[in-house]
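Shared between the two complexes below is subunit A, which pairs with subunit B and subunit C, respectively.
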Partner chain A sequence: MNDSSIAVNSPTAFATSLSRVPGVAWILGLLVLTFALASRDFLSGANLLNIGLQSVILLMLALPMTLIIMTEGVDISMGALLTLSSVVLAWVLAHDGSLMLALAASIITGLVFGLMNGMLVALVKMPPFVVTLGTMGVAQGLALLATDGQSIVVSNDTLQAVYAGSLAGIPQTLLIGAVGYAVTHWLLYHTRFGTYVFALGGNPDALKLAGIRANVYLIAVYAFGGVMTGLAALILTARMSSGHPTAAIGMEFDAIAAVVVGGTSFEHGNGWLFGTLLGVLAVGALRNGLNLLTVPSSVQVSCIGLLVIVALVIDSFKGKK
Partner chain B sequence: MNTTIPLLELRGISKQFPGVKALDKVSFAVYSGEVHMLVGENGAGKSSLMKVLCGAYSADEGEFFFNGEKVAIKSPADARKFGIAVIFQEFSLVPYLSIAQNIFLGREFPARFPGMVDHARMHREAKKILDLLGLDIPTKTLVHDLGVAQQQMVEIAKALSQNARILVMDEPTAALSDRETERLFVMIRQLQSEGVAIVYISHRMAEVFSMGDRITVLRDGKKVASLLPGEATPDELVHLMVGRSVDRSYARNFCQTEGELILEVKNLTSANGVKGVSLTVRSGEIVGLSGLVGAGRTEVARAIFGADKVTSGEVWLHAKAHRGGPDKAVAAGIALVPESRKAEGLALIRSICDNLMLPGLPLAFPSRLYKAADARQIASALIDRLRIATPSSQRPVRLLSGGNQQKVVIGKWLGSNSRLFIVDEPTRGIDVGAKAEIFALIDQLVSQGAGVLMISSELSEIVQVCDRSYVMRDGRIAGHLSREQLSEENILKLSVHHE
Partner chain C sequence: MSAASTNQRMAALAADLKTIGYRLAAALAICVVLTVLSDVFLTTNNLLNVLRQTSLLFLLASGLTLVILTAGLDLSVGANIGMSACIAASVIKLTGSALLGAATGVGIGLTIGLANGVLVALLRMPPFIATYGMLWVVHGVTYWFMAGTTIYGFPPGFRALGSGYFLGVPIPVYLMFVFLALGTFFAQRTTYGQEIYAIGANREAARLSGVPIAKRLILVYAVSGAMAGLASLVFLARMNSAEGDIGEAFTLPAIAAALIGGTSLFGGVGTVSGTLVGALILTLVLNGMNLLTIDASWQPLVTGVIVLLAVFFDTLTRKGGEARK
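Right after this comes the complex of A and B.
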């Protein structure tokens, strides 16, 4: 999957994306410029790599979040689920399980929660916000229960190698992010599943009249979110060398922010995956830049909130033209 | 081709909804190569029958026969298996997918890898169908970026692409211009000659008689007649549909004296494609604004109402310059009855009472305190005056028929002292009986001193109802026709590029 395939095979998406470029690209450019002026370290190679590495976890959540939001849904359980998956992964490793087994357990945890979210939304017809608010609580509680509130420290060389190692000079963490992006892009723009994601938000009746079992695909969207969260837990656990019961609390906020900043709308199945990538980088650059300027993390949350508002204001002005 | 056995036959179909028997033992047959017109008032059961046909509803009782064999149609997938395709009136399109993706939704061409879509082939096939329809738009265009008429054409393309043996159309021409309609009719004739059976729902008498090989009339969920076009006149058909005699000429007393000037628009230009439009509306007259779909009629209405940004020109109301958004327009006594009553005219889930009261709240309750009992009383009086068929003022508007919904949209302005009514396609999707009532209501408004600017795509309506009419073309006023000059032919001449 290379960039040209975006242009050649999904020109519809590309045409929409062109008209949106200013919104999120402006923001990203402005952030980079501001931080480059404020801190000499910001544009250093090491720091840019750092932004990339720090953004991969967020990207792994924001990718499926884009699809979920396109179906006019939302998943606010992702942060708690990422935490639980990380705890599960660490627990299996700490009990002498292999990394493969631990990763499988983490992904299955994500999948189970994703399926649960999807089925409650699609079959029981509950509002996604309420459903995932509930599963957020469940996941958070289970993480605390399993750890008794303490970190599960892991010292596993393979796990460290996954995070810190590189392949052909490229850090493996970045490769995981790239593969995650490529797979999601392929799913959204080149498969029937992706076409139906657009339809789920745009006109679910059209799907039903076309004889498609819309619910199956709606459940699949949430299940995909669970699996990606389980995968992201691998990177999170490796980075912290532990599974901590509050490690990723609130991460869904960053993910939703990145998606919205990237130009995906909560209505009519109007989504843009490349925008999400830019949105993730904007949130990542903002967090990193504020860290360099030693701004406390509480203020950082406010800044991300402002970022979302600014992005929406810019897009609404563009919409009026 | 065996013409004695119907391609598809429905026998004794019944469908019950809470409180309504939508279909009552309806039998219906369609033969290969015929255009079967399905007519009836709104709520007569046409749409329900169509939904049973295509598997969207499953019938409570009744049998289906395909080529003489008993079959079951319980889901859209079943219907598709028998080659039944439907062109829906309410669009079944996905806004952020391309034209091609919409045409082949649910029937994507598989590529090498399971689950993958062969985009190249999809766009090729879509192009072929658009060419057949004479539609020159890139297949990669998002449906979101299309106008209503173009969306309707995509809907038609979608049904055609299914190589249907039975094609069901629900008022396919409602949103089309005359040229597109003509193109569609050529397509229909061609499909017919290929042996496709066509079920066609229409409110337009001209179409029913010119296109139909057989006409079935539904009323109150029952089949009341099935006849050949030669066996009835339009008036007789209308009589069968409504069960009472309706005067199709909407006779009214045309304005004799020149009333006081209510609206004067001078050189109005808007960001939305209105180019230097000037017009006047006087008290006591119905002024038509006609032209083809896309000529800018709705845009003029929106610009006067302040819903679109006016870039230059003036609007004078009662000899005073008027400017500003819809709030100012309402305060100045302008009422807009929008083109899309469901999306712009009504709060569908709220009650008739709530909808009727909305614009007139400040007048009805100067103290700013809402009194539910008073509101119900005012609403009930309006419901009687408008003759809205409903058991209660508390009934949600979405449960009303199209005609009654339209009465609510017009009626809600009666409580707000409006003097100028801009009505945009007031009879779209409304049956003949309700049309006459809507026109009677509009006539009542002007006889009480209001002025009406009426937009309509149906030339016959403009000719029959209006005191005079402007004709638009490409965002400009192409001409003005007095009562004496008003004829369908003259309107059409001004509408098209035709010197």
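Right after this comes the complex of A and C.
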């Protein structure tokens, strides 16, 4: 069977992906170096594990965000949706539902919003950022209404074990992240779905001319984002032992930042999944390092914003060549 | 002026009047419903309150309208209000001068807008992503600046800007009509305005006919930023206190007001006066929810749905009217 990865199907694509390596790797390396010098604790094993654990939720959002941005779209409802899914999950658990039922409810919540985003973008042809801005308001509103602004506290041993437990010495949270990455990699580089994701951003007309129902795949991309967000809600809820109506507001920004820093561009369907992984680690390292230096969370957000602008400036100069 | 261009201008004016007429009728219908449902709605106090809130939303959304006319978007207006208000507040406290504070507020807003314009026009970033990034940068700086504190208590002269009356009408309402006139004149009667419409309708054609695209784009983002700065002063004067999160709830309503008012996200279509009616409709809906004691938690949901509906109809209309790219 010869379904070798699409990214290396031409020498130029391979060359571009190589030329990207320095960009995000430099950023990551520079951040690690800076924080290692600034804080003694940064490079300790415990802290590195901490960065990994904290980055998994972000990774679960950034993976589908990569595919969405590759289709020249964006999903800024993800943070609000993660919040809503977490609230739903906690609500089901608090009302004596099983963890499986709660997880199913959380994933279905994500799926419904993902399908809604996808259909409005693909079928009605509404601009993705406004669609998801609208659904962000809806998800945020629902989360507030469902909780009355309060936390839903859950004490469920199985749930706690999801975050704290480990399998064969490896923390389960990391395993979930690894599986999420592997599945997305497989979808993007080894399936027809992935081929069409590349085509949706690069040349959607070619898809139509080839008689492929591009809309179905575009909807699927957003639906995938919803499902991954629903899954991420499991880790978030487990980590906080509660569902809080503003828990993950704005997290989509970290995800977009990770994707952009990782070298995926908003134009022409140029995406790079491994770059997103490095981007997630860069954002994770930045947050963690600034935390160690006791920089308040709001300023961390500004730093991430600057990181994005720097990455986009580099991106726009590359695009001009 | 030739007869043909006069006719064209009359036809455009008629189309604009029709668009606004429908929306005024909708606003009137909401008023009728609210009069039936609530005893309080049709009181002078409440109506003046509606007008005051409309004027604040309009000040913010009018600048944003110019941005949307170029097929752009400014998601940073809410964060801009927050930062402009907080820094203006601290300048007033430090110097005791309301005028200096007000100038600072508008200046900060203008600076944020200029930064947006540079990112969009010179670095060619997609507008929504540039201004979304700006949102978080500005937001973070504001939180850091305020460090969780509240600045409150301003001189009465300054407070009049938001809560004062002249001849029984709130002062922000006068501001609203001044900027309605200025905005309409600028958009409809100046070359700048025509160029802004041209950029949104067909950027390539505008470029080929010699419109300085980058300069005009920077101009509209700068105006949007400055208007956010001005709106922040009115809001600050009304609230009499400033906190880091003061502007957060404004972004979605401002976009909604422009869209309800008939401004198309695809560019080139819309009017500042339409945005005023859009702001009025949205304010009436939110005011009505308030009067009917519907929980404020419903507001983001309702505003979100309104935005979705407005874009939905905008998209359908545009698809019917022209071939999409």
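Everything below uses one rule, namely that the second predicted complex is superposed on the first by the 296 of 321 C-alpha atoms of A that agree within 3 Å, B and C clash if a C-alpha of one lies under 4 Å from a C-alpha of the other, contacts with A are read in each partner's own complex, and residues count from 1 in each chain.
Note that in this section a residue touches a chain if its C-beta (ideal position, glycine included) is under 8 Å from a C-beta of that chain, and two chains touch if they have at least 3 such contacts.
As the structure is a computational prediction, the values presented were derived from the model and not from experiment.
*Asks:* Who does A:R192 touch here: subunit B (first), subunit C (second), both, or neither?
*Replies:* first
*Asks:* Is subunit A touched at more residues by subunit B or by subunit C?
*Replies:* So, of the two partners, C touches more residues of subunit A.
*Asks:* Which partner chains sit in contact with A:V313 here, subunit B, subunit C, both or neither? Use first/second/both/neither.
*Replies:* second
*Asks:* Which holds for A:A210: it touches subunit B only (first), subunit C only (second), both, or neither?
*Replies:* A:A210 contacts subunit B only, not subunit C.
*Asks:* Using the touch definition from the top, say if A:L142 reaches subunit B (first), subunit C (second), both or neither.
*Replies:* After superposing on A, A:L142 lies in contact with subunit C but is clear of subunit B.
*Asks:* By the touch definition at the top of the document, which applies to A:G165: first (subunit B), second (subunit C), both, or neither?
*Replies:* In the superposed model, A:G165 contacts neither subunit B nor subunit C.
*Asks:* Would you mind listing the overlap between the subunit B footprint and the subunit C footprint on subunit A?
*Replies:* In the superposed arrangement, which is not itself an observed complex, subunit A uses no residue for both subunit B and subunit C.
*Asks:* Touching subunit A in the complex: which residues of subunit B?
*Replies:* Touching subunit A: residues 54, 56, 75-77, 80, 86, 88, 91-98, 101-102, 105-108, 111, 115-117, 119, 140-142, 144 of subunit B.
*Asks:* What part of subunit A is in contact with subunit B in the complex they form?
*Replies:* 9-12, 15-16, 190-193, 195, 198-199, 201-203, 205-212, 268-271
*Asks:* With touch defined as at the start, can you tell me which subunit C residues reach subunit A in the complex?
*Replies:* 73, 75, 119, 123-126, 128-130, 132-134, 136-144, 147, 244, 252, 255, 265, 295, 297-305, 307-308, 311-312, 315-316, 319, 324
*Asks:* Once bound in the complex, which stretches of subunit A touch subunit C?
*Replies:* On the subunit A side, the touching residues are 74, 76, 120, 124-127, 129-131, 133-138, 140-142, 144-145, 148-149, 250, 253, 256, 266, 296, 298-306, 308-309, 312-313, 316, 319.
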